[in-house]
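Below are two complexes that have subunit A in common, paired first with subunit B and then with subunit C.
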Partner chain A sequence: MTLLDFARGPAMQIAIFIFVLGIFWRLVGVWALRQKKDLSEPRQKGAWIGGIKGLYAHAWPYKPFVPYVGAQYIVGYVIHLGLFIVLFFGTPHMLFFADIVGFTWWTLPGGVITFVALVTTVALFIALTKRLVNPVQRLISNFDDYATWFVTTLPFVTGLATTANLWPHYETGLAIHLLSVWLLLIYFPFGKLMHSFWFVVSRYTTGSRFARRGGMA
Partner chain B sequence: MKEHSLTLGEELRRQGISRRSFLKFCAGVASSMAIPATMVPAMAASLAQARRQSVIWMSYQECTACIESLTRAFSPTVENLIFNFISLDFQHALQAAAGDQAVEALRNAMDENWGKYLVLVDGSIPLKDDGIYSTSHGQTHLESLREVAEGAAAIVSIGTCAAYGGVGAARPNPTGAVGVEDIITDKPILNVPGCPPIPEVMTGVLTSFLAFGELPAVDRLKRPSAFFSDTIHDRCYRRPFYDQGKFAKSFDDEGARKGWCLFEVGCKGPITHNACATMKFNQGVSWPIQSGHGCLGCSEPNFWDKDSFYKPLSAGQWGSAEGIAIAAAAGVALGAASAVMSRKNQDKISGGK
Partner chain C sequence: MSKTTTEMALDLEAKRLSVVEPGTRVDLQGEMSDEERVEKAMTNFAKDFGRVTATYMEACIHCGACAHACPFYEASGNPRHTPIWKLEPFKQAYKREAGPLAFFYKAFNLKKNVTLDELKEWQELLYDTCTMCGRCTLICPMSIDIATLVGMARHGMFHAGLVPHELYTVTEKAQREGSPLGATPQVFEDRVEWMGDEHEVDMHMNEDEAEVLVLMSSIEIQKYPESMAATAKILNQMGKSWTYRTDGYEATNFGLLSGNTAWQKEMSMKVIATAEKIGAKLVILPECGHAYQALRWQGANMYGKPLPFKVQHISEFLADAVDSGSLKLKTVNSTVAFHDPCQISRRGGATSAPRKVLEALGVKLIESKSGGSMNTCCGGGGGVITIHRADTLRYKVMGAKFRQLGETGAEMMVTSCSNCRQNFDDSGEKLNWDKQMNSLLELVADNLVEEAKK
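Right, the complex of A and B next:
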């Protein structure tokens, strides 16, 4: 069995097994917890509206803070949008998902995907640099922050190296790229990458609770 | 056919082949093997001094496509190859003799050229039950290979079956088939995989052996680097469409008719090392991708067992969905157990209030 066979077969199956197990573990584990009762009288009706507002209220910083954290938001958007575009509109990636869902969709030319991946990688390194340079951010960072950055950045770096044929053998590069993605999947449920599941829930919950108490999200 | 005393140059002159034709031939082979042009005169001089090489071709668990491919070589032609360059002392599909006479020819060739002859093998060799699933003249091919290999100067495995087991070794591999290198470990071995291999690669390797007296440089899978260093994808004329994101979605859609990339319909070109894209088959007429079908990856080990030929390379090999269902169920159980423990802990802290 070659490294690529291993990456496409057993490694993928193990990674997805751990990913699915971990995701269900985390979701059920949190949702089955006893919820804290809010004994206060609702200050206003329709707290759910506050919850919906909460989903987008933090999509951009409060105006006075823009000069201080605006750039950080932009870098964050570049990373997330880049990840989304490369993941779903790169043809080889789309075909991976198409094999699961049973249908294909429109994709972007390889050159565009490479450009977006490059920009995203640069943004990821800017984010890391800021985390290391800013004393406050460095102080509140832990292993999970750096591990999350590492497993997210690695597939971009290995993918770009594979596209550019920088490995001695293309198939070895492809295998390493796949393995780096499986590493991401394995780490996903157990670190901060779970925010992709939680951020909607937590923003809605925060928004609706604030609204119930008469505040704003 | 057995005239080993003449040098190749003398033999060619005897047959009226001009020096110009001979140099053109050398230049052609040198070009196909990426040998510098400055080496051509030295190569020609060396070739002209070469004695006719005794070659023994053993066919084992095979389909004869490899020899079919070789007989369609165009530069040098098979006639040149067989009658001018080498002494093909045994090849059961091409020779006139059969049965005892053929085996006698084989034994004579081995005795006369012990330690010097070149062995070409096509077909895999069954190992299971002492190799009884493939025999010739009352001898298993396992025994035959060991016997012939003992006196060989080098062995060239022709085709994916001889190189890596090929279709014979595909799951469930009922005969326990393997390639030559899994049996013979003490001789120089060169693999020319492909199903079938490109004829010019086979003849190029033989010519190189004649000219330089040794097998050419090989890659990690013992394939001649000159022909197998690039992937099909690297040299494919449809590569620009891959870069532009233009793909055929099926074999009869508009993209297919326009000659777009076949990656989405399962082409294995990106992970397949071979020279098909540049040398083609049938005197350079065409090759699989030019004919509208994706590369099967036939020059790579275990290509039969690498999932569907029509599944994109980037699609995973899932096995069964049961594992995912088990993972989800186990995750739910673990989550519920975690929540129960957390609730008990909450009760303990709050005293049940």
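Right, the complex of A and C next:
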């Protein structure tokens, strides 16, 4: 079995298994916890509307905070959108998913994907630099923050190296790229990458809690 | 616990001769071994690990944005004052003891046990530098309600005997005497009578039945007693059936602020039982921010069922009264800047109420930058004003607040929280503020149109 066979076979299966089971475990582990009902008389009905509002209200900082965190949000959006575009609109990635779901979709030209991946990688390095340089972020950062950065950046770097044919041996390079993605999947349920789910739950929770009070969240 | 001054380096660069960094004073209550304190903190932290708490714990991405919404961080520039950092031991306990991956963290010791030294270090962060104003939630991309979590973390700290002395003392006094500042039932009754005589207002005391039960905060009873007369004057003018009661008058709830849920419940239950006894349909809360949180939003949860009466902050009551036309007010020719108490506006949802009242008074309201529900906290709530070692930073926070209000250019400053007001008074004296903070309630009482009797 070559490294590529391993990456395409058992490594992928193990990674997907841990990814799915881990996410399920983490979500259920929280949702299974008890929660006392709030018995206070709500100021208004339809708290769920506030929950929905909370989802998009926090998608961009409120006006007074833009000078402080606007740039940080932009870097964050570049990373998230870059990840999304490269993952779903890169032809090789689409073909990989098409094998699983059984249909294909429109993709972006390879050059565009390479450019987006490069920009995303730069944004990831900007985020890391800020984490290392900014006194607040440096203080509150832990192993998970750096591990998350590493497993997110690695697929971009190995992917770009594969596209640019920088590996001495293409197939080994491709296998390393695949393995870096499986590493991301395996780490996903254990660290803050889970914010892909929690941001919805947390924003909704606060939005609905404060909507019933008529307060601001 | 403090270091002796001889160990401290002098700060010769400061305008006033001082030491470089005064040693942190850590307060302890009760006789307990170190292990027992940690154990008690952990047990009581764990009691709060429900689904909502867990969601918030899981959601943090350590972006540090919350620092920029915190008046304490903005005033000190100290990264330790980053709101989410104030929860570090609480988060650590959650991850190690209760989270879905707890077994994993514990088995490989990836999250260490919280130590007593850490808890001692965090006393300042959880009590001195957080008013639970909740502004950090607004900036958080995950919308984490850090203020509520700080309130929960205080539960563990209280039971571990790790509360700042002043806050502990007033809480214990409130538990024992019924009021944190010496406003015992007798003192309350005497002062109500005094204010009745002084302002020639009919005071309703200890009525057996009344539709409205009026509460007062000990700050008002002791420091701003005119509030008692102002409230009476308004209620009399409206022809309400109302009463003050010596068995249920204290609106402040230091059980809530210090972190003792059992005492919080006892304090709330006193008021609830009194309101039930006299058949009150409405309980009016005085100008006090956290009292509003304690009864309006947490009272029913302490009671274990929905409250059998309505709870309103005095500003909500006044807003309804001017809205319905049952209260007519004279026009006040002045420009006004309003300081929104965090617990009533942002976290309480009553932001529009004082604005309606001010509109009825005909004043020109000038909103401050980042005002209304986004208002910056004055830095005195959450028990912070009681803690002497927090004074230096509290004054710095207020310095920023003064600048914010000053920028409006308004002639008159108004608020609807007596705790904020005493913070403005204290800091104003210290920082030579050229303005004075006024009470919305008293402004209304001073400008009643007498013919509007109903």
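Note that the second predicted complex is superposed on the first by the 217 of 217 C-alpha atoms of A that agree within 3 Å, B and C clash if a C-alpha of one lies under 4 Å from a C-alpha of the other, contacts with A are read in each partner's own complex, and residues count from 1 in each chain.
Definition applied: a contact is a pair of C-beta atoms (placed from the backbone, for glycine too) under 8 Å apart; a residue touches a chain by one contact, two chains touch by 3 or more.
Worth saying up front: this structure is predicted, and the values here are computed from it rather than measured.
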{"item": "Which superposed partner A:Thr2 touches (first subunit B, second subunit C, both, neither)", "value": "first"}
{"item": "First (subunit B), second (subunit C), both or neither touched by A:His93", "value": "first"}
{"item": "A:Met194 touches, of subunit B and subunit C: first, second, both or neither?", "value": "second"}
{"item": "Partner chain(s) touched by A:Tyr62 [first = subunit B, second = subunit C, both, neither]", "value": "second"}
{"item": "First (subunit B), second (subunit C), both or neither touched by A:Tyr73", "value": "second"}
{"item": "First (subunit B), second (subunit C), both or neither touched by A:Ala164", "value": "neither"}
{"item": "Which of subunit B and subunit C A:Val28 touches, first, second, both or neither", "value": "both"}
{"item": "Subunit C versus subunit B, contacts on subunit A by residue", "value": "C"}
{"item": "On subunit A, positions contacted by subunit B and by subunit C", "value": "25-26, 28-31, 33-34"}
{"item": "Subunit A residues within the subunit B interface of the complex", "value": "1-2, 4-5, 8-9, 12-13, 16-34, 91-93, 95-96, 98-99, 104, 107-112, 165, 170-171, 174"}
{"item": "Subunit A-facing residues of subunit B, complex", "value": "231, 233-234, 242-245, 247, 249, 263-264, 270-271, 301-302, 306-307, 311-319, 323-324, 326-328, 330-332, 334-336, 338-340, 342-343, 346"}
{"item": "Parts of subunit A lying in touch with subunit C, wherever the complex brings them together", "value": "25-26, 28-31, 33-36, 38-41, 43, 54, 57-58, 61-62, 64-65, 68-69, 72-73, 76, 134-142, 144-145, 190, 192, 194-195, 198-199, 201-203, 205-207, 209-210, 213-217"}
{"item": "Subunit A contact footprint on subunit C (complex, rising order)", "value": "49-52, 54-56, 58-65, 67-69, 73, 79-80, 82, 84-85, 88, 98-101, 104, 137-145, 296-301, 303-307, 310-311, 345-351, 369-370, 373-374"}
